[in-house]
Amino acid sequence: MTHQDIELLQRLISIQGVASDESKIKEFIKNYVLENANTWKCKPQIVDGPEFHDTMILVFGKPRTAVYAHMDTIGYSVGYENHLIKVGGPKIIDGTTLVGEDAAGPCEVELMAIEQENGQLEIKFVGERPLERGTLLSFKPNFRETDKFVQSPYMDNRLGVFVTLKIAETLENGAIVFSTYEEHGGNSVGHCAHHLYQNYGVNQALIADITWVTSGVEHGKGVAISMRDSMLPRRSYLNRIIELARSSGVDFQLEVESAGGSDGSVLQKSDLPIDWCFIGAAENNVHTPDEIVHKDDITSMIQLYQYLMEHL
Amino acid sequence: MTHQDIELLQRLISIQGVASDESKIKEFIKNYVLENANTWKCKPQIVDGPEFHDTMILVFGKPRTAVYAHMDTIGYSVGYENHLIKVGGPKIIDGTTLVGEDAAGPCEVELMAIEQENGQLEIKFVGERPLERGTLLSFKPNFRETDKFVQSPYMDNRLGVFVTLKIAETLENGAIVFSTYEEHGGNSVGHCAHHLYQNYGVNQALIADITWVTSGVEHGKGVAISMRDSMLPRRSYLNRIIELARSSGVDFQLEVESAGGSDGSVLQKSDLPIDWCFIGAAENNVHTPDEIVHKDDITSMIQLYQYLMEHL
Amino acid sequence: MTHQDIELLQRLISIQGVASDESKIKEFIKNYVLENANTWKCKPQIVDGPEFHDTMILVFGKPRTAVYAHMDTIGYSVGYENHLIKVGGPKIIDGTTLVGEDAAGPCEVELMAIEQENGQLEIKFVGERPLERGTLLSFKPNFRETDKFVQSPYMDNRLGVFVTLKIAETLENGAIVFSTYEEHGGNSVGHCAHHLYQNYGVNQALIADITWVTSGVEHGKGVAISMRDSMLPRRSYLNRIIELARSSGVDFQLEVESAGGSDGSVLQKSDLPIDWCFIGAAENNVHTPDEIVHKDDITSMIQLYQYLMEHL
């Protein structure tokens, strides 16, 4: 990763976009595209606007495959009496620093996890002032880089967004969907998938998201192709992808999980005959402020997407 | 609320409509509309028929926003050997009087909750005769009114239906969807939303349903605008609604919940780019025969909907 | 059931088709249709191809009702270090023989269920060689027939597929959908239902699947009409079906369940106004290699479908 790459990733992570409130990060990405597309191999058509809510699609040439990268993050909503309610599935860690903004301006608070008599955790915040009901809070940006690793809140999925922006540089035929709500409730992708299916016949999807380091998927061994999570991609599509990955020469690992889901799960449950497969680098410390990814896995993620978008 | 209002609400509550069996309540509402629409400011188009199952849509003028009010209620199905199976999530209370009808005519039985050795509740009924398999039972109507409160089974959501019929009196541009299945399984609203989106471009929804009195939402403090339940409405839409509510001068409370869902959740998970927000009065004794709502909250619910349907 | 019938059922069961990997069983059924349709009363149009993934539709005459039979089965995915991950909900039985195929060829292994200290079951396999990650395994075919019963893995739902192929012989107006993914994740039926709704106005569905022997549904008492499972079919449609079943003279039982789902649940949650009802023979030893069904219930299942497809 170049210095510029690191800078772009860091900027993507710095912009708040808790699920349901993705307008700022969407604007940032749109501006980035507008500023940089002239240097790309092929200039994409930008599809967005009220009919697309806070999602955005880039269409390059004649797309056969769409890459989905969700822009939203996990976080918390402010409830009553300083209580916090999860958005998505953040790991509750006492002392976590959270940031947000309400009518009184920006705020920074500390998460307090209090074990109750029944064993359940009560989640509250402590801060200098009360916060308005419904204020959305997220992990305070805290980007760290070493020789081999990048570490930060929200690798999931600002790293996926970053990867798609790198692919965009050389993409000739394909679509990139920047989706919303993936971490909580899901389905901003149905409308986008319909648009691409009806207008371009796009019936292949790749899910550019971040997965988990496990006993079967390790740091630095290459991007993970997920053979299943809670859902199973269609076998014939999966087999084609694995075969292409073998031809590509790019490092990759095969993942087999029992749990978890993605924008792919939503496509599976849509009424469209769209094949999907999750392909992404693995991270440790999932859904904490310390998500960490090996740089080589990022590189192989970019390379495999480049190869697949050309050959799939 | 006038004497006539109370009478209408009471009649709406008296008609059985357990989820999956809404044809009678739909016919009642349709007849009410046919009899009263002449006195309304604007006469709506009635959209119903086989293609709409037991749902019904009223279209006034040029609609931008649709109000969704579900007609169905919770209840029980008769299983084998006098067992009862929940429809939706009724609170199981020993001794509750349930009514229904099978081939042998109307019936009235008493619910019996028997704690089993493993701690689970067995739900059965006792009555004068056996009932046919699959018979649907609901709470016996029992309407009570005081100076400040109305109390009855099925405030959720016959009160929401009542509110929409009050809004209908002065509505010039908008749609009202009377939905089914909300309490169990959901999604009669997908088809209705498609109809309104394709024919009128309606992409804004308000969910007229009843919520819960909690530590943050109290009786008599105004209608609740739900900032979230298990799902989160899109922030930019929510912000517009709160801003309008502030301009309206109507009493309202901001709700932030971690659980619960509504027809809004179904719209969220549909393939349509439709914004939604739950706005409704709060009740106590949720999903029991004793649901109770403050009259002032009903008044502010009607007023806020009138304002929003004009300005949103 | 004739000797030929038993042979067909046995062949259907012998072909692997774990959810997500239904291409082989689909090809078998397609070939069966191509070879046999000339002897049928009416030759159907075959709808399949890339736009339909591994599903297939047969359209006879002017269809009003579609029968849905899922082709996929439950099974296991090979995880890391000889672990197995469920596909659908197989009952975990120590010693079960599983079969599959990976790049090294066919394989046969034995399931090992190991109770862990925390009480949870660890599921692994033992075999002569390691298996590739993600390999799909299913119960080894083991067909048994007595005077009154047929017993085998995957009565659910190869028996449903068999029944539809028997109905096909005399069907004049109707559609048969061979669906995928029913056991895991669901929804290959949305696209098929859209096709039939848009092109033929088909808004009635019957779900040809296998249900459970319980205290209320017994072996040999006739096909079960399910009044509900986790979902409730629309009452007016259910009432029409029960009335027709009474006129038909065919043996049937009324089922009322609290749990379970089917392709009907997916239709309920789709955006289409399609009525659905589950009608199928009951089995014992559900989701094991020993699923057992009474032959009389198979006969009444075929007869009731024949009657309903003509009169509904």
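We just call them A, B and C in the order they show up, numbering each chain from 1.
One rule holds for everything that comes next: contacts are C-beta pairs under 8 Å (C-beta built on N, C-alpha and C of every residue); 3 or more make two chains touch, one makes a residue touch a chain.
Fair warning: this is a prediction, and the values are worked out from it, not measured in the lab.
Asker: Since chain B and chain C are copies of the same chain sequence, what is the angle of the rotation superposing the Cα atoms of one on the other, rounded to the nearest 5°?
Answerer: A turn of 120 degrees brings the C-alpha atoms of chain B onto chain C.
Asker: Please state whether the interface between chain A and chain B is built from the same residues or different ones, using more than half shared residue numbers as the mark of same.
Answerer: Counting which numbers both chains contribute, under half are shared, so the two copies meet through different residues.
Asker: Suppose each chain is reduced to the average of its Cα coordinates; what separation in Å results between chain A and chain B?
Answerer: From the centre of chain A to the centre of chain B is 36 Å.
Asker: Counting only residues that touch at least 2 other chains, which ones in chain A make the list?
Answerer: Where chain A meets two or more other chains at a single residue, that happens at 270-271.
Asker: Along chain C, where are the residues that touch chain A in the complex?
Answerer: Those in contact with chain A are residues 19-21, 23, 50-54, 77-81, 85-87, 133-134, 136, 181, 184-188, 190-191, 193-194, 270-271.
Asker: Name, in rising order, each residue of chain C that touches chain B in their complex.
Answerer: 203, 214-216, 227-228, 230-236, 238, 254, 256-258, 265, 268-273, 275
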